[in-house]
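Shared between the two complexes below is chain A, which has chain B as its partner in the first and chain C in the second.
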Partner chain A sequence: MKLSDRKFKVVVIGGSAGSFSVVSKILSQLDPGFPLPLVLCLHRLKHVRSGLVEGLNMKSKIPVVEPYDKEKLRAGVAMLAPSNYHLFVEFDSTISLSTEDVHNHSRPSIDYAYSSAAYSFRDKTLGIILTGANKDGARGMKSICDKKGYTIVQEPASCDVDAMPQAALRLFEPDQILNPDEIVKALNSLVV
Partner chain B sequence: MGVTLGINDIKAVTSEMARYKNMDYTGLSFSFLKRRLAYVFEKLKIRKLAGFFERLKEEEFRDEVKYHMAVKVTEMFRDPGFWRYVRQHLLTELEPKFKVWFPDTPSGEELYSFLILLEENNMIDCVEIVCQHSSEKLCEEIAQGVLEAKNTELNYSNYKRLEESDCYDNYFVEKNGQMRFDKRLLRNCIFRVAEPGINKHEDEIFDFIIFRNSGINYSYSKHEALHSTILNHLRPGGFYAIGVKEAVPDNLKKALVVVDQKESIYRKPGVKSERLHETI
Partner chain C sequence: MGLNSCGVMTYKEYLQVLKEHSPYDFSDYSDNSIFRRIQKVMRDHQLSLEELCEKTQGNRYFVEEVVEAITVNTTELFRDPAVWKYLFEKHIPVYRGNNFINVWHAGCSTGQEVYSLLIIFSELGLLDKVRVFATDISQKALDIAKKGVYQHQIDRGCMDNFNTVFENHGSSSLSFSKYFDVDEKNDKISVKPFLKERIKFIRHDLVRNEMPFYNKVDIVFCRNVLIYFNVKLQNRIVQRFYDGLYNNGSLVLGAHEGLSGFFKTKFERQGPIYRKSNTFHLRY
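The block that comes next holds the complex of A and B.
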């Protein structure tokens, strides 16, 4: 089934080293009428709480916010995982945050964000893994794949650091392997 | 391979635990319980629910469970901006004598951070601090100054971000090859074994309550109820600090005034004077 024929409840994008520019590019070219909640889980410095969301908002075609705990997912709004908190997607379409221990040396952990979305929304989850320097996110993407969600891996050749996409590709076969321009097109194909 | 818990398993586990004193975890959110119970079962090498229920009859085992259910704060001076605000703005509002409550103390990091600020402002004997947790072992560890050694570098770098003193090493002593927080700074702290937020001293009132990042583990309704209960113990004009990404429940928004939105510091209205101690 084509991506545009699928029905999703959430899109989760994860990335680490080099992902800021890719996410910024995606957000700047996204259709302003993008119809789904978008969750961004990016590795970031734990003691720098401001700057990233403002930077992304400068070019983004949809609002980017850092959610508070128990905040509702909203269609057409990108929610960026706050620094030093894990982010989980819940059954009731809310976000929950946690200060539990780091996972893969990371908080927020991309694995946790993907896995929680897969657990809550199963095949209605679209996961996209971008450039990054460690394996965090690979297992979470596999969870989305296992629940029959849709998975897109950034083409390793287009990555600043390809360790994260490569780790994902070792674990499962994604629905698509795309460069950043193609990822934008894929997301915009979801706009009716 | 650990135990995988479904919804019914989690309900069975929490209702069984709730039969015992200080073990009511039924208000925690389902997703948190799923993760945390999996963690606890792995730590305690639990393979079957029946075995877990049987072992709950042992008091020592129950304390171990409570000990591992706690989400420890992994660094001192987490959110340096919060601590900087406390030092620069709140301490002067609180002197000369004040009482502080940590309604949930899952580890020593927040308490020790606060004590260092007090010490550096010559206020350590101005305060009485009540800390509590449901695990006796955990309370004992904190009272003994136990800290995670692996976080020393991070603790120090956060402390340095406060941009004032540089005498971090003065607050620690070595005991049996391990660094411990200097117990002399804990001289005005009281430790109680109790569930988070529950204060059996009904009339006890505090000037400052620090309850950061514990409420996020609860379901929405319990979260509201917990904050409401805790706020009953806050003096009018007193300060309330929660996690920087934790929102005040809707039903309490009118009961609090924002002091600093970014650091999630609030104040209970009801005092005409700006200086709290003038009304005491």
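The block that comes next holds the complex of A and C.
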């Protein structure tokens, strides 16, 4: 089935080392009429608390915000997991945050963001895992796959650090393996 | 026990059982987080949901164990230093004229932020006026809070946080060891007794309606606690904070927590602080 024939409620993008430039590229080439809520879960240095959202906003074609707890997902808005909080996507299309323990040495944990979206929206979830030096995210992507959501893994050869995509590929077979240009194309194909 | 149409028990039904057989009600907790924590309990004890249910009904000690496992107890000294800096430089000095300053620290967990606040009062010369009621659902967490001994803090950035908060403070650099005995060899810090004297630790479940003490308070601290609850429960608790505060009193929430609709008109926002107000505010 073509990606554009599927109905999604949320797109979740996760990345770690090297992902800032990829996410920035995706956001800068996204159709301004992008019709879905976008959740970004990126590993960031705990003590660099600010700057990421501003950095992403500079080039992005859609607004990027750090959500407050229980904020509603909005079509065409990218919500970036705040530093030092886990982010979950809830049944009622709200975001909830958590300060519980680090997972895979990370808070936010990409696994948590993916698996909460899979749990809430099942096959209406589109998950994209990007470059990174950690295995966080792989299990979460698998849970999207298990719930028949759509999964895209960044092509390892196009990654700064391919540990994260490789960890994902060891756990399940994604719908697509794409380089950043192709990821942009895939996302823009969702614009009707 | 309740079974749904598929004959399979859901964790929501488990929460109902827990509610009926214990003093604890987790049914208005945020779905994803509570679900994952129950899964963890099941994994750690190698129990199915049905078995978990059975054990919950028959074993009081096990219930306490479950409650400890599903409540979140992560906290750190001066988490979000910018907020503490604001409290120190702009907000807490407002209370200089008071005879007493009553503080309710709701959901204090293992106490790091209770001590953070007391250090701020101390640096402002207000320590002898302040009385803190520090409450939490977890007895284990309260026991740790009372002890005030923390492991693995030194390399965790809490020193950096501390220095950030007090960077513009006076000429002499303020030393961490004024408030803590530091054992670098074992990576351990212990709160000095004079800070502890200001605090009354009380076990209290925020979900329940009765207040844990009688006093009205000047400041309610409740940081990164409401995020674990759904909006309905959040609002019920914020109403209780509102009722418990003196007029003009302050509510301090976590950096990514806000007030929903109705309460935006009952509190006025000042930097990271929400102040109880009698005038009507449309927005901030």
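In this section, the second predicted complex is superposed on the first by the 192 of 192 C-alpha atoms of A that agree within 3 Å, B and C clash if a C-alpha of one lies under 4 Å from a C-alpha of the other, contacts with A are read in each partner's own complex, and residues count from 1 in each chain.
Here is the rule we use: a contact is a pair of C-beta atoms (placed from the backbone, for glycine too) under 8 Å apart; a residue touches a chain by one contact, two chains touch by 3 or more.
Bear in mind the structure is a predicted one, so any value in this text is a computation, not a measurement.
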| item | value |
| --- | --- |
| Partners on chain A (chain B, chain C) - clash or fit | clash |
| Partner chain(s) touched by A:5 [first = chain B, second = chain C, both, neither] | neither |
| First, second, both or neither for A:54, with chain B first and chain C second | neither |
| Intersection of chain A interface sets (partners chain B, chain C) | 47, 49, 66-70, 82, 84-85, 88, 90-91, 96-101, 116 |
| Chain B contact footprint on chain A (complex, rising order) | 47, 49, 66-71, 82, 84-85, 88, 90-91, 96-102, 116 |
| Touch list for chain A against partner chain C, complex | 46-47, 49, 66-70, 82, 84-85, 88-91, 94, 96-101, 112, 115-116, 119-120 |
| Chain B to chain A touching residues, read off their complex | 29-32, 35-36, 71-74, 78-81, 157-158, 161, 213, 215-217, 220, 223, 243-247 |
| Interfacial residue positions of chain C with respect to chain A in the complex | 30-33, 35-37, 72, 74-75, 79-80, 82, 157, 160, 224, 226-228, 230-231, 234, 254-258, 260 |
